[in-house]
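Paired with chain B in one complex and with chain C in the other, chain A is shared by the two complexes that follow.
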Partner chain A sequence: MIRMETTSGVRAILQAWAAIFWKGIKHYTRYPGNFVLYLVIPFLFTLLIFGMGQFVGGNNAATNFAARTGTTNIIVYEILGSAVWMTSWVVVEDVGVVLRDEQMKGTLEQNFLAPVNRFTLLIGMSLTDVVITTGIFFIVVGVTLAIALPSAFLTIIPAFLALLVGLIPMFGIGFLFAGYIIKFKEPYILTQIVNLLFATLTGTYYPVTLLPYWVQFLSGVLPQTYVIDDMRRIVLANQTLVSLYGSVFILLALALAYPAIGYAVFKQFEKKAGVTGEFSKY
Partner chain B sequence: MKELRSYFRQPAWVLGEFISTPLWFFFFALGVTLFAPTTSTTPQESGGFSFFLLGFVFIILFSTAVWGIGQTVRNEQTAGTLEQFFLAPASRITLIIGRWARVFLTDTIIIGYTTLLLYLIGGGLVTLSNPALFLLGLGLFEIALIGFGLFFAGLTMRIKSYNTIANLVFFGYMIICGALFPITVIPMPFRYVSMVIPFTYYIDLMRHAAFSTPTILPEVIEYTASALLSVSMLLVGFIAFNKIEESARKQGSIATS
Partner chain C sequence: MNPVEVQSLSKVFETKEGPLFRKVPKSLVAVDAIDFSVPKGEIFGLLGPNGAGKTTTIKMLCTLITPTSGDAYVSGFSVMKDQQKVRENLGVMLTGERTLYWKLTGRENLEYFAALYHMESSYAKKRIEELLELVGLKDREGTLIENYSTGMRVRLSFAKALLNEAPVLLFDEPTASLDPQSSRLIRDIIRDLKNKGHAIILTTHNMEEADVLSDRVAIIDHGKIVMLGPPSELKEKVKSSDIIEIEARNLSENAAEALQSFSEVSKVAVSALDPSEDRGLLRVHAEKGKEVLPKILEFLVRKQISITKVSFIQPTLEDVFIAQTGRSLRD
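Up next, the complex of A and B:
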């Protein structure tokens, strides 16, 4: 347990973050199955797509794949998409649903009455996920690169940096859901649809250019689209973050926009919930 | 009726299932398109549409066992109503099968709706070359699924991290049993794993009845073996559930969530 020694200033914020972070880590270590699942699912989905692709393409599957993507390294291409998808899955499931979980346990009011700013609270909730998603990324992508493309193993570092920039807008999206879920209370089906939509729109297993033009517009406002594309260019086409400055700038812009929008929406929902007494409704 | 009422009481959940099922199909279809011959752009053009649509039906049916039957006990456990459920003057199996009936009904509606939706957007329909044999395969599959679901329901009294195991089994089934691609795609040493799992044969028989694809074993042997496996799985599931419940009652772990 972390005892807060002060309720204002930078030290108080750091203490609050530490407390929320450790609570999240304890939760993960208490239920390790969830983490195992996050590690295994990217491989399972990749195998599934790979198997279906082999059936459809037969002996020419790899050639057909290369003609559309520019690479014959199917597993690495798909795993990079899977790893980013899992990352956004964790963010949506955790940051989006965490307040609903507190609501169901009856501890949301205590959290909101604590002398901690809401933004600090939301950031604290995200810190655990930074560690968890980092772990998922390094294990899933690291193992894949070590086996399937050892010559490109070190590209995992710039690829991770692209993910790190992309995580900020993803957390902003998480804040948006957090507010929505306090209001509408149906987190699980919503997160399932959102995760599936993200996978479809962001080119998890295919380039987004395959999508209809109007859908590509939607893909363009999602940070995962840029992260996946950048990672594939870094790992499979030997590009650097510097040469991808255009998409990095877009990611940085999204990193400013999404947390601001997410927090503003969250505050609106919170304000309304305070008036209507929604906080304690099961 | 309780299960049905509980299901329709959450309209967002119902709506979500109706949105997510076809969305999963599109998601996989787009992924597979990359591997199709460059002259065709969609799986349906390369002849895979009906195959994958039927594969989705196999997946949805399997989910009735894992999340329909298996999760019954876990849901009641976490809601704190499992003791009342078990104290009711009705057989446990009857209660669990009641839940399965609800899931089966709603899943059948979802399958019908998804098929219709895909047809309306130009995907075509699955035509069964031998509907009677397909129904026979489906019947055997469902008997086996009830047995498997009962075993899984029992397991939830032992293992609390149900969701992790359910997901792993579910994904394992999708890959190993050839729901979305024939097991001939699986490399040889791993294919033996597929061949010792009973579900592989139900899928194979239904696909054979639908598209006249060759069966893994000679047809008569495969039907006979599948029938025997269905009955065995139902019995094993029933016995396992009763044994696990008896042991959980002795240890007082029935309602531990």
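Up next, the complex of A and C:
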């Protein structure tokens, strides 16, 4: 019997990641509806919030907005929040739901039959989302800055770097949901509640400092809060990532904590799923 | 050590049933302390009705389900302790056509799984070419799976199981939903793999397939192996009885039970042939079948069962199962 030629170590992991990444990209291009939805939602929500402010807030709406946020550029302020929220949405929905999605397609067991480490699989499945979220961010924020604040167009680069640091803990949160969803199914109910909760808690459309003190405590443990705030400071207040070192440091700490917690929770649910035969249940 | 060693392997599923807030814990014994081994170059058939425990056994062997007790070894690696090593040594085809990515092409599916099996890329390319040729899909390699027929999907799933040239192969219902020509192709390939020295476990509820392919068969029922041996030996055990097969309409379990009370009849099993037409098949194991046949037919006619065909048949693995359990494999 001939045994196959295999790769091992880092090369094997990179090869698996590349395969998972391209499979994800092919799925996105062959099911383009989701990408279009992700691109449209930030603009629609921004318009909704902007409209509410204008129509309900009355004559002083813009002045009050400037007093509370420190900027008169309502559209850019709101679109930055929307873009980060959308990124977080994609991460929670895709990473959290990816295994359930595979389970419903019938392909999860096929992936788990391969001698590839489960963490490698999860990371690989997340890589596609890094590219998708980057694409969404550059299109949504780029288009907005080009139209509403062209002088600050190049700040998109440091703003993106802030997002990149924040993506790591966001993926950790995604892992947390991935395990939970394998066990309890019904992924979209959970992810939609969580995504709406994130929009409320992380200052997507208003400064978190306006929230009650105890709510601000919850905001403080969510990476999106820092990413949104940092981006607004970079784009609208000409600050640099270096000057925002305090929140960058917190993001880095969260980048260590969330993936570790997320993966530990995922492993626990995965172990239980093996005992209950959950992987093949639709 | 044989490539597959199964030792007192059990699986009990703990579930909760009943209305919300009043759920009652329930235990379901899916596999009950089974033992078997499969040497190199053997096709080992796991035969049993739906729900007998075949797929659970396969899933424990391939590490998708954690056993409750006992252990199994694949190429010497424990499914409890060395799961990654077990997966490296296994090629698995699970039942169902939804085991592939429908938005990828046939070739893309194989390339994806080759990477997950850490296959060296130039080697994987060569291997994929071979397999596409082998299962007759070379000319459709660039077609999305969603545009494949059911048979083509099953053939590609089969090819996927062969990608890593594993010493142990597990095929769960490999020819289910295939046309006769494709089934023959898959069976020929399985025989060829056996000749190359692979240890093969095949689950099926198709007794003809188990009979023609398997070197040894384990008949599994309610999670237990009730009989194990070469098909010819198992069939020999029921040769002392005549087997009467009666095709009829309006067959009922009651009629079968009543027949069981005839002193000449040792076992009776009824199974549905075509439920929409209420057509069924009655298999009667009897001493001196020719003598008792008129009595059986008279009884069935009296019960207003319309008989369409009566024949004496050679024992099959189905009859072995009936003799052992009193039920049909098709139940």
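The rule is simple: the second predicted complex is superposed on the first by the 276 of 282 C-alpha atoms of A that agree within 3 Å, B and C clash if a C-alpha of one lies under 4 Å from a C-alpha of the other, contacts with A are read in each partner's own complex, and residues count from 1 in each chain.
Note that in this section a residue touches a chain if its C-beta (ideal position, glycine included) is under 8 Å from a C-beta of that chain, and two chains touch if they have at least 3 such contacts.
Note that the structure is predicted; figures quoted are calculated from it, not measured.
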Task = Considering only touches as defined above, state whether A:Leu39 meets chain B (first), chain C (second), both or neither.
result = neither
Ask   = Looking at the overlay, does A:Val116 come into contact with chain B only (first), chain C only (second), both, or neither?
value = second
Message = By the touch definition at the top of the document, which applies to A:Leu241: first (chain B), second (chain C), both, or neither?
response = neither
Ask   = After superposition on the shared chain, which partner residues are touched by A:Ala152: those of chain B (first), chain C (second), both, or neither?
value = neither
Request  = Considering only touches as defined above, state whether A:Tyr31 meets chain B (first), chain C (second), both or neither.
outcome  = both
Request  = Mind working out whether A:Lys23 is in touch with chain B, chain C, both or neither, as first, second, both or neither?
outcome  = second
Query = Given the touch rule stated above, what does A:Thr200 touch, chain B (first), chain C (second), both, or neither?
reply = first
Message = So in the superposed three-chain picture, is A:Ile75 touching just chain B, just chain C, both, or none of them (first/second/both/neither)?
response = neither
Message = For A:Gly274 in the superposed arrangement: first (chain B), second (chain C), both or neither?
response = second
Ask   = Residues on chain A in contact with chain B in one complex and with chain C in the other?
value = 31
Request  = Could you please specify the touching residues of chain A with respect to chain C in the complex?
outcome  = 1-8, 12, 15-16, 18-20, 23, 26-27, 30-31, 105-107, 109-117, 121, 271, 274-277, 279-280
Remark   = Within their complex, chain A touches chain B through residues 31, 33-34, 36-37, 40-41, 44-45, 47-49, 51-57, 60-61, 64-65, 67-69, 78, 184, 186, 188-190, 192-193, 196-197, 199-200, 204-206, 210-211
In the complex with chain A, residue positions of chain B that touch it = 10, 12-13, 15-17, 19-20, 23-24, 26-28, 30-38, 43, 46, 48, 51-52, 161, 163-165, 167-168, 171-172, 174-175, 180-182, 185-186
Inquiry  = Taking the touch rule as given, give the residues of chain C at its contact with chain A in the complex, in rising order.
reply    = 13-14, 56, 59, 62-66, 84-85, 87-88, 90, 92, 94, 96, 98-104, 108, 111-121, 123, 127, 144, 160, 164-165, 167, 196-198
